[in-house]
């Protein structure tokens, strides 16, 4: 019943309820585990200044704040941001921009990986 | 007159080029607004664009009301 | 114009948002607007937004077979129908938009 | 309230309930309209000898028979079959194998096109 | 082994078939098997196949928030839980498989 | 020992090559059985293969029970 290293990976188009559910799940997990929430490929759009409510989805702000408060890491893929020419929104929390290689290492190093 | 109105929902999931006539129009909605088409004669749903915070030329942005008007004028609508 | 939407898509999807916004815009402009729910589309028929559309004048139909299969009991403002019923709507409506 | 020329286009992976629903809808429409059911791209897999029941989906046989009985056309894209090296199952009904170009013409010529 | 599935996927999907077949195979081999339903996964909890799995010994949990949001009332053999409850299950179960 | 078991559901949606170790194994399920991987060390769910009537070498076909055994032996499972 030990605390685990967990990666929550958001990797496809994030403009959906799934992203909200993924973060809600990550917040719950961060209470008990060492969580990294990792945004790769099209998943990085989730961290830009998009407007979920405009398409009927709940905003992510509270989840992102909660993740930070509970010491979870939030990580965005550097290459994915660059290729898409994206800028991160200021979420008021630390977001690590890491190259793909480093992200692969974090995922490999996790005991539990949940992909969304 | 608009012939066929193509309602496209996913990026890079365009109708086969053979299907599109010169007087057709492409309307990008949902995630289709993430990648702009190389074809002419397209518009994008403004709300879907703003929601996703992507860059689309202002002159291509249209409201839902405008899309409904296009649908009325088109001979038919195909969701692709 | 008579505009018909066929809603087959999953619940809590982008198609649901498109459906709500487009049918509201259509009814706002005075068009005769209908939605036919079938397949996984049935799950969305119980949402508040659909009830609001019905109150605003959008006609709501659904495939009774798919509703029964999914144990969904639509409210009385939704009209029970079938694939044959849908075929007749397609005759009557000038434009048909499928969301699946 | 006229009979319409209708295309029902199945174009993506057909190993799902959606294909069953699409054919059920096509059967209903064939009672009132001039229907062509068109399988393109990965959609052509639907006409091979696959086993829906094995993955919890209802079989398509009755729908295919009913379409034929009601005079609907069933059409498979020649190029899609060839590229995937697929053979059609003998469904006991006529299935037209047509090149993409001809299929485009049929779709253009339809008053209503429903894509799945 | 203790094996946990997290079911988030849409109803009538390939993931549903995978979930049924894999969890049955797991319980057949004597593994401690559980399914946690959340998001759109909740829609599948009312299906007969899940009830059968429960009767065969698969433990069934669900996110109460998602159930309420979707107006779904699971039977009593399913245990109401939360995202925190899921976190504790992840502690306890050795392997976790998410279907979304 | 199997390190990570990759459960792949969609054709051509493979994990980034950097993620896969030599002692990992790929298990194809659902539509992933439509395109065979170029990597070594993979198996495919027999039922999903038969259901789709596709050609997969007999020696790569495995039952659900076999997949469960692989899961038990693996250090962890990642659905990709």
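We just call them A, B, C, D, E and F in the order they show up, numbering each chain from 1.
In this text, contacts are C-beta pairs under 8 Å (C-beta built on N, C-alpha and C of every residue); 3 or more make two chains touch, one makes a residue touch a chain.
Quick caveat: nothing in here was measured; it's all calculated off a predicted structure.
The chains that touch chain B as well as chain C are A, D.
Should one ask which of B-D and A-C has more C-beta pairs in contact, the pair is B-D. Where the sister copies chain C and chain E meet, the same residue numbers recur on both sides for over half of the interface positions. With each centre defined as the average position of its C-alpha atoms, the distance from chain D to chain E rounds to 35 Å.
One inter-chain figure worth recording: chain C and chain F are separated by 40 Å, centre to centre, where each centre is the mean of the chain's CA atoms.
As a whole-number value, the distance joining the C-alpha centres of chain E and chain F reads 22 Å.
The distance from the centre of chain C to the centre of chain E, with each centre set as the mean of the Cα atoms, comes to 30 Å. Within chain A, residues 15, 17, 55, 112, 115 each touch two or more of the remaining chains.
Residues of chain E in contact with two or more other chains: 12, 14, 39-40, 96, 98.
Residues of chain F in contact with two or more other chains: 30-31, 47, 76, 79. Inter-chain contacts occur between A-B, A-C, A-E, A-F, B-C, B-D, C-D, C-E, D-E, D-F, E-F.
Residues of chain A touching chain E in their complex: 1-4, 6, 17-18, 21, 24-25, 27-33, 112, 114-116.
On the side of chain A, the complex with chain B involves touching residues 13, 15, 42, 45, 48-52, 54-55. Across the complex, chain E meets chain C through its residues 10-12, 39-40, 43, 46, 70-71. If you check the complex, the residues on chain D that touch chain B are 100-101, 104, 107-108, 110-113, 115. Considering their complex, residues 12-14, 16-17, 20 of chain E touch chain D.
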